[in-house]
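Next come two complexes built around chain A: one with chain B, the other with chain C.
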Partner chain A sequence: MKLLIVDDSTLIRRAIERFANKFQFDEIRSANNGANALKEFKNFLPDVVTMDITMPEMDGLTCVEAILREKPEVQILVISALADKSTAVEAIKRGASGFLLKPFTEETLITSLEELFEE
Partner chain B sequence: MNKKSSLLNLLKPIGWGLLAVSFLASLYGIFHYSNILRRELEQHGEVRTGAVLVRTMDARWIAFLGSIEIARRDGQPVGDILKDLKAYSSLTNDLFKAYIIAAPVKTITGRILNIRPVNTPVGMSVAQELQSIWSPLEVKIQAIIQNGENQNPEQLAEAFAYAQKHSKRVIEISDILSGEENIYRDQRMAGPIILRYILVSYLTAVSVLLIPIILLMGRIRKSNTALEESAALLSQKNAQLAEDARKIEEAKRESDVIMETVQEGLLLIDVKGVIGAQYSRELERIFRMENLAGFNFLNILQRILTEKMYNTTRDYLGLLFDSKRKEKQILKVNPLDVVEVNFSNPEGGFITKYLGFTFRRVVEAGVVTRVFIGVGDITSRVTLERELRQSELKKEKQFDLLLGILHIEPKQVQEFIETAKKDLLEITTTLRAEDFAAASAGKIDELRDRLNVVFRCVHNIKGNAAYLKLVYFQKMADEFESKINQLRNRPSLTGDDFLSIVMAQSDLRNDVEELDEIRSKLGELRIGGGNSTELFKNSDRNGNATQTREDELIVGLRGLVTDIAQKTGKSVRLEAKDFTAESFRSDYRPLVRDVLIQLTRNSMAHSFELPAERTKVGKGREGVIEIRPTKHEESGLNGFLFRDDGKGIDIIKVRERAIAQGLITPEDAQRMAETELAMLIFTPGFSTADEVTTEAGRGMGMDIIKEKIIDECGGEITVSVEPGKHCTFGIFLPN
Partner chain C sequence: MDETHLKIFIKGTTNYFGQVARDAAEIGTPYLKEDNDNVILDYSAVIGISGSYRGCVYYTAPKEMIRKLIIHMGEHNADDALCADFVGEIANTIAGNAQEELGAGFMISVPIVLAGNPGSVRFPKDAPTFVIPIIWQGSKSYLLICVGESVTA
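Then we have the complex of A and B:
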């Protein structure tokens, strides 16, 4: 199983990568904005994507839609610092599978990732 | 009797008998099937009702504990509430028993509930979890019941906090229990169990009824009797069917009772958002509307939510009905878990409330057909939380104030409070409402004058606060000044524009009151501390200040100089060897202090150059402020000279500004001596500073000095300037 981390903050990308190690992904890659994420996605074709909402180049919500057009069965976990609930609803509406509020901990991230695969 | 006819006679009743038997058998089979179905549905209903009881459990605990606390505070007896609480506690225990060993539960309405024990792993684990949440609470509640009329607020608060803490989980458990039940029912209904039941019951019925046929074969003569018996049986069964119908009807009535009394708004909506026929009475109270069945839930929300929130909610319901989406993920982003709603008030205006919504899907054959919604009015909870936050903020502020005054002598704090109160009083008088009504229309100059008075007062408070390093007040006064400046820059002014000023004034007043309160508490603390002599030596109540007190004024000024020097990158030293405020009348001493603060701030902001600049023009790197006692040459008034060796007053700039502001004409300017021009800085509203900084330069300050020294006390002011080299002010007061 492959994971793509999309976030414009290096710090957060590293944190997610470290936390996600527990999840035993076969391969983890990352991208620092929406446009790069889409490029990376087409080559990498991951099973799971964690997606920041506010990013330069292409915002997370637009990126979610673009990625789903490429591979509809991908699981996208939107991670956002925006406590605004309409953002969360909008993310799910556009096809994200889960929503996680920043700041997150190792535990909340793992739980959210696990829940993506719950039936 | 011939053989043939006797055979025919024999066959005829047999034929009839067989027909009747098979008819009866099918009737019995159908009846049995309906009976099983009814039992299944009834029990399903019971388990759901049990889940509803669990769902409202947390709300009830909180409501009970809350009303005990309210009664206790109001001094009302709590006996009745305790009685209800006791009954509810035992109901809760029964409910757990029911979930584990199928014991009957007697509800508050007196009805007996037969709940099937949960037997799925998930169901059993949450039932146990629920019990583990309840057990510690039960202990607390028992103690509260034991306390009777002598309630202990801490115990109540603790139980309340516990109930609140687990509230969310209890609701989740209720959801899980009803979910488990749905799964169980779906399996039962769809699975082969029911079919087997039907088959077995049909076969049993047929075989049981075959016995009369055999008997009929043997004892044909008795066939008529058998038929009659069967008919009797049939009518008996019919009566039983009617009885069953009555029971179902009663069950419905009882569910109506629950819907009437449950403390939460409960409703079901279909995919179009239409509210179902059964909803709880509480819902009408929450939405302030009656007869909600058939209404569209979204239309109701549209009236009470903001547009953005409404759009989000509409999208959210769309997601809930979308069977492809995972319910768990959707429930997590519930936008209405705490939402502000506004109802129009029949008495005018509107009422703001906070509602909490929970959603749950109703799935039939894998498709979301309806959504179950719970609504609660959580206004009191939200307000409570907000009050708590505010009181915490207040505590923080008090801590700031306390830290601020710890390093200052009590007497000085008291002086600060007294002068601040005096200034605030002047602000209030200036802003008095009745004058405004008359003054506001078109009298812009009048309003501007008032604004200037207010500014002067606030500026004075700020100066004193900076002198005492009361950072909080310095910040507040600075924000206040900014508000005044915003108004000053407006082309036109009305009385209404002063509202923000009035608010800021009242905030500042509250802060001063609070400081006063803290000061007096701290005073008690210090006296209580035992070593008060040292601290109070300087604050002799008769005003006979000791030598140390003047030192303090100078020490304070020196601190101010260092502070500003650090912020601005300047380097300045203050010298005041022989100066003592002692030589002034005691009622003038606060004024002397204010004037010295103002002069120091002005010098620091306008006069002193940066060290590099000073070296360039051949001055010492460090600037010097000198305060020296003196007497006025002509009047003999007692006073002091305040000299700084900065660049002094920029006469050229003063001239330009004065002309630009229309204070003098260019012709006047030609005629005026430098000293005369320098005196212009005492004109109200005059400033030469290019930028507004916290330190000085908002065109106020010097005019207060003039007003207080000359107009109020009958003193004198002198100025002597040598541009670029130094500037000396003389301040003189009557003896």
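Then we have the complex of A and C:
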């Protein structure tokens, strides 16, 4: 199983990678915006993606739709600081499998990924 | 934006430090920024606000505090690039979390990060700028809120 981490913050990408190691992914890659994520996705074809929303060049929700056109079965966990409920609803409408609000902890990230895998 | 709205950002800041630093931050008494107050520390980040509101959310912190926070989060090497990156993420998270009470019309930009002291930062004049002191493990940082409601024709 392969994981792609998308976030414009280096620190957040590293934290997600560290926390996600519990799941023993075969390979983990990362991208710092939606446009780079889409390029990386086409080469890497991951099974799971964590996706920030507020990023330069291409926002995360646009990227979710683009990724799902490439591989509809991919599981996408949107991780964002945008706390209005409509943001989470919009993410799910666009095809994300889950939504996690920032700031997150190791425990909340692991729980969200476990819920993703249970689906 | 009035003092009632400040409570939203104080709550968000308290929640942020409680979760990420696992050590509560002390929030000092907020005050109105005067023109000659120069609140610029080693790393700063500005989030532009648009939609139903306009203005900016600005966070500035000393190097020592940011390095400690990064180490606290499990990193071993808190270099300058990572410190700047983290200040942007703090500003982004506190501003984004304010949407819970201000609604989706409180739209935030990606952070613009400043490392070092640019001399001065100009804030919009059409809304008051509130300064919220944040003390964590003996270091003081500041969250500045300069946000007004958008005027529609």
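Just so we're on the same page, the second predicted complex is superposed on the first by the 118 of 119 C-alpha atoms of A that agree within 3 Å, B and C clash if a C-alpha of one lies under 4 Å from a C-alpha of the other, contacts with A are read in each partner's own complex, and residues count from 1 in each chain.
Going forward, a residue touches a chain if its C-beta (ideal position, glycine included) is under 8 Å from a C-beta of that chain, and two chains touch if they have at least 3 such contacts.
Fair warning: this is a prediction, and the values are worked out from it, not measured in the lab.
*Asks:* In the superposed model on chain A, is it clash or fit for chain B and chain C?
*Replies:* Here the two partners, once superposed via chain A, fit next to each other without clashing.
*Asks:* Which of the two partners, first being chain B and second being chain C, lies in contact with A:6: first, second, both, or neither?
*Replies:* neither
*Asks:* Where does A:93 make contact in the superposed view: on chain B (first), on chain C (second), on both, or on neither?
*Replies:* So A:93 only meets chain B here.
*Asks:* So, does A:61 touch the first partner chain B, the second partner chain C, both, or neither?
*Replies:* Neither: A:61 stays clear of chain B and chain C.
*Asks:* So in the superposed three-chain picture, is A:18 touching just chain B, just chain C, both, or none of them (first/second/both/neither)?
*Replies:* In the superposition, A:18 touches chain C alone.
*Asks:* Examine A:118 and indicate which partner it touches, taking first as chain B and second as chain C; both and neither are also allowed.
*Replies:* first
*Asks:* Which partner chains sit in contact with A:37 here, chain B, chain C, both or neither? Use first/second/both/neither.
*Replies:* neither
*Asks:* From the overlay on chain A, compute the angle at chain A's CA centre subtended by chain B and chain C, rounding to the nearest 10 degrees.
*Replies:* 40
*Asks:* If you count the residues of chain A that each partner touches, which comes out higher, chain B or chain C?
*Replies:* Counting residues of chain A touched by each partner, the higher count goes to C.
*Asks:* Just the number, please: smallest Cα separation between chain B and chain C in the overlaid arrangement, in Å.
*Replies:* The answer is 5 Å, the least C-alpha separation in the overlay.
*Asks:* Common interface residues of chain A with chain B and chain C?
*Replies:* Chain A residues touching both partners: 86.
*Asks:* Residues of chain A touching chain C in their complex?
*Replies:* 8-12, 14-15, 18, 54-56, 80-84, 86-87, 101-105
*Asks:* For a test of understanding, state which residues of chain C touch chain A in their complex under the given definition.
*Replies:* Against chain A, the touching part of chain C is residues 15-16, 19-20, 70, 73-75, 81-82, 85-86, 88-89, 92-100, 103-104, 106, 108-110.
*Asks:* Of all residues in chain A, which touch chain B in the complex?
*Replies:* 85-86, 88-93, 97-99, 115, 118
*Asks:* Using the touch definition up top, name the residues of chain B that touch chain A in the complex.
*Replies:* Spelled out, the residues of chain B in touch with chain A are 308-309, 311-312, 315-316, 318-319, 325-326, 328-330, 332-335.
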